[in-house]
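In this document, chain identifiers A, B, C and D correspond to the written order of the chains, with residue numbering beginning at 1 in each.
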Amino acid sequence: MVKEVMSQINRSAAHIITTILANKRVGQYHQMVFGIGDLVKSCRPGNFVAINVGGDSSRMILRRAFAISRVSESASFGGTMELIVAPHGLGSKWLCSQIEGAEVDIVLPLGTAFGIPTSPVNALLVGGGYGSAPLFGLAEVLKARGCKVDMLLGASTSAKIYAPMEGKRSVNSLKIYTEDGTMGELGRVTEPIKVLIENKAIDVIYSCGPMGMLRAISELTTDTDVVHQCAVEEAMACGIGICMTCVLPVKGEDGQISMLRSCIDGPVMDGSQVQWHLVGQVPEVH
Amino acid sequence: MSEFDFSTTLGNAFFNTPIFTASGCASSGKELAQFFPLRDIGAVVTKSVMNKPRYGRPTPRMAETPSGMLNSIGLQGPGIEAFLANDIPWLVEQNSRIIISIAGETIEEYATLARKVRSVAGISAIEVNISCPNVENRGLVFACDPDASRRVIDGVRRTIGGELPIIAKLSPDVTNLPDIAKGVVESGADALALINTVLGMVINIETMRPHLGGNTGGLSGPAIRPVAVRAIYQVHAVMPEIPILGMGGVSSGRDALELIFAGASGVSVGTASFGNPHAAVDIQRELRDLLIAKGFPSLKSAVGYAHREADL
Amino acid sequence: MSEFDFSTTLGNAFFNTPIFTASGCASSGKELAQFFPLRDIGAVVTKSVMNKPRYGRPTPRMAETPSGMLNSIGLQGPGIEAFLANDIPWLVEQNSRIIISIAGETIEEYATLARKVRSVAGISAIEVNISCPNVENRGLVFACDPDASRRVIDGVRRTIGGELPIIAKLSPDVTNLPDIAKGVVESGADALALINTVLGMVINIETMRPHLGGNTGGLSGPAIRPVAVRAIYQVHAVMPEIPILGMGGVSSGRDALELIFAGASGVSVGTASFGNPHAAVDIQRELRDLLIAKGFPSLKSAVGYAHREADL
Amino acid sequence: MVKEVMSQINRSAAHIITTILANKRVGQYHQMVFGIGDLVKSCRPGNFVAINVGGDSSRMILRRAFAISRVSESASFGGTMELIVAPHGLGSKWLCSQIEGAEVDIVLPLGTAFGIPTSPVNALLVGGGYGSAPLFGLAEVLKARGCKVDMLLGASTSAKIYAPMEGKRSVNSLKIYTEDGTMGELGRVTEPIKVLIENKAIDVIYSCGPMGMLRAISELTTDTDVVHQCAVEEAMACGIGICMTCVLPVKGEDGQISMLRSCIDGPVMDGSQVQWHLVGQVPEVH
């Protein structure tokens, strides 16, 4: 039952005040590190966090969601968490403007995680823009399980490609596509995927990025044996399952379509079950 | 100050503490239980449930606005049967006090819902959300039509009998709120819930169209608190004996106190829980501390305090 | 892009640019003139003036609220004679376009005011603020009573004759705004001003009483923008040919554009001028830049753009 | 005519972005210095400023008013202005939390100034709490005109007395009163004033502080020859005369009571004309 799964999902969610340990510009993004102590143990690749923005007198009343890029434990700082933040509107710009030592109110970890295969498989990780953030942490886990890990990253332009040096060590191959050709190949990440699927070179695709990209990958994997786990991005008011704003039409095992909350039944969902053609619509009532 | 009495009543329903969740802002309770034990607050008011399962409105369903938000969820839900079978037993198990909110498209549907809720064990009250379009009358919202409001409450009252308190939840989007309030009280409401969201709209500057899938949406959050305070004050002024469950933009104990001084006997916390999952318990603690600091012996002694004569 | 046409019309009145002050938020104009030349904006809408001088309401007259404020000024003013003698000639001298706002306590008072304004040289339009208590009908606000609204406008129309455009300013605190709007248009309004403030209240936690001298006050500022957008959209949907002067929480060009897409032909800036004395000129510049960046050849081509068919 | 006076008053008002040059805690207050360049030339003792608070995403839409404590010109910083800010609510606390180098949006100078006598007189300056802030700058001007300047400062407790070392140089005498006796004499500033008036020791009182204090002084000067110029403090939405929220009942030369705007017909007003008993009421219409 969906409800039961949910009540498992956020069971380790905590509401804490963290300190910013680092804030560095990387291309068009900010790489931000937060001290989160023992909570690193509960964070899985795919989980996200919800951050209070704007300070005490903010007119922004809702949290902002960011995917956990990776967590680590260090002797000096204890458990730390890294986010890759694009300065988009008022809230994310406020976050990017916070300096080292500033305190930030965060609820974490939230939502579903990428499913990790129990036996070694050939995995393709596809990231669009800051969507690559959680993929490097995922790659490490997959490598540790003996998987072959290939990665494709795409963005409109080079400054929107996030691909840290050390991240490249955990993948077997990394290919970059930009729509303006300013980095890697000219074009979109979806183009090579078709070939890889036809060649039966991959068993599972993990994707994170704009909804259009996720939809395109889902269409490529339809009627194939390739599993597609995608991390969706819907506007969220609460991030914890209480408001019903973040829903997506998803087909269940019984063939019934439900409007599932992407914050607790996602962000990681089975791409083949999401009814992409119904997003932004309401299913017909039979 | 251990003798401070924080309890409240709505009709014949008793609650240990006066802070509740707001309908639609706590789903069925389970999700918030990750953050605090539900029995620590006055009651969980569940998301308005309709007779049949509903998909609700298309996305986008929300837009943040200055100190507020718009939502157009459209009452997505599992329908009353599945709701009573799956969600209520779990809440009862938690020792949570429960108020079930119902919503219908016809006067008949409200009565049907009331009949199904009537015999459920462990329910403290029924909240009747009449801010729904009346399909039998050109989609005119029940709560905006004095006559339809009365008939809904009348139907629910007849079905329920005398046991379960009825809380009629009203919309502020009317010319004469005290009038509507008097009507539903005459028809059998034991208490009033004030206020539901204010009708609003946001246009997306990029698409140059209404941002929400449903075009208009309900405005909630601190932006509307002055409207809630006014509504509660106006209604308490004309019917001081009718308990009010106040809500609208409460995000601190200070805010809750404002509604209580205006005339609320209990306060629901809605949108604030989106920004702070602990909002309800935090607010409850702050409210208690404030009341004690101001020397009130009980919550009840503060209800409607802003209406007292100037020379008292 | 020098051919961009930024002009607008309200009835037969023409304005070079579409940003106006809001009544009561620019006094009689002089005070703002310290910050920018008044002729740089579309028009100055003066503070609603009554027939006799008025002291207004007791202080405190304002309370800041989240992203908004409440005011209860109570139409303090010098009365129409002194106003026409002292304030108007100065505005005319500045080459400012002028819209005079009038307010009355009786239908007769509105007609009297209209008669006094009629023959004044240099006036572009008359705004009729009908959000005032009707002393002849239990203090019920004119704008909340469809019949009284119509009769006020009818009286003004008869007095004014055909020359001066009449802008009827409506309150959002009604159950059915499009209905009220249709009524005043039928009675002779050439344009509508939407929206006046939303009725609200703040209770002072220290005194434990209503904070404002007048108890309730009018809520304005960004908090109410979604209500303004909704009101304008709803009214433009039923009467697309009637020009709307939009207002409510506009503090940037982006906000003004939202109201224009919803259906406003011009936009008044009120509360924003309190936080930024240059608000009106800043907003006007930002709006112009946005319209040009989006490729609109004129302001008029953007009015009501959010209503277009999905496939256009 | 009142209108004409007004249009004179704010004629040098400017709307500028200033930089915070210093922010120091002094008792319960913050002494803050801003770079305002040539505008120092237009600032007179009694004028106030209106400050934008809370930053870009603030839910506070109205400016906060603060009396100009003093202005000066220095070789290194150019024209500077000092404010004494009490951290009261959200807005003033935000201001106090701003650090050196931060930019702040200010409209200044606003309102009326203390009238300066053309010939030397005996002046008594009375300040309550942060109300002393503008009095030291005033004292310097009066001294330069050859006046005898005595000062009385009062507050509930010592931490709320603002009396800078260098300020004391510009007065002939300084006496401090606290209600809890933690500094100076125990009691209120109003007590000694009565005696000074009876002894005909003073010609003019300049006062700034809580409305209760101003009212009490006005009552003491009634039916005496002592002129009382007080700087009032009413809640202001705009600070520039366009909203009519800040009014006080004031009797004009013709005996008529008008509701005058304390932002442009004040903050400095003639204490004998303010109808203190009508504050918070509406005069009867005759």
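The rule is short, and it goes like this: contacts are C-beta pairs under 8 Å (C-beta built on N, C-alpha and C of every residue); 3 or more make two chains touch, one makes a residue touch a chain.
Here the structure is a predicted model, which means the values were calculated and not measured.
Across C-D and B-D, it is C-D that has more C-beta pairs touching. Centres computed as Cα averages put subunit B at a distance of 34 Å from subunit C. In whole angstrom, the spacing between the mean C-alpha positions of subunit C and subunit D is 35. Averaged C-alpha coordinates put the centre of subunit A at 56 Å from the centre of subunit D.
If each chain is reduced to the centroid of its CA atoms, subunit B and subunit D end up 47 Å from each other.
Shown for subunit B are the residues in touch with two or more other chains, namely 66-68, 221-222. Shared interface positions of subunit D, defined as residues touching 2 or more other chains, are 59-60.
Interchain contacts join each chain to each other chain, per the touch definition above.
Residues 3, 6-7, 10-11, 13, 15, 52, 59-63, 107, 234-235, 237-248, 259, 264, 279-283, 285 of subunit A touch subunit B in their complex.
Residues of subunit C that touch subunit B in their complex: 63, 65-68, 70, 144, 173-176, 198-203, 205, 208-210, 215-217, 219, 221-227, 229-230, 233, 249, 254, 257-258, 261-262, 290, 294, 305-306, 310. Across the interface of their complex, subunit D is touched by residues 53-60, 90-91, 94 of subunit A. Subunit B meets subunit A in the complex at residues 24-27, 30-32, 34-35, 47, 55-62, 64, 66-69, 71, 73-74, 76, 86, 213, 221-222, 251, 271-278.
Residues 66-67, 222 of subunit C are the ones touching subunit A in the complex.
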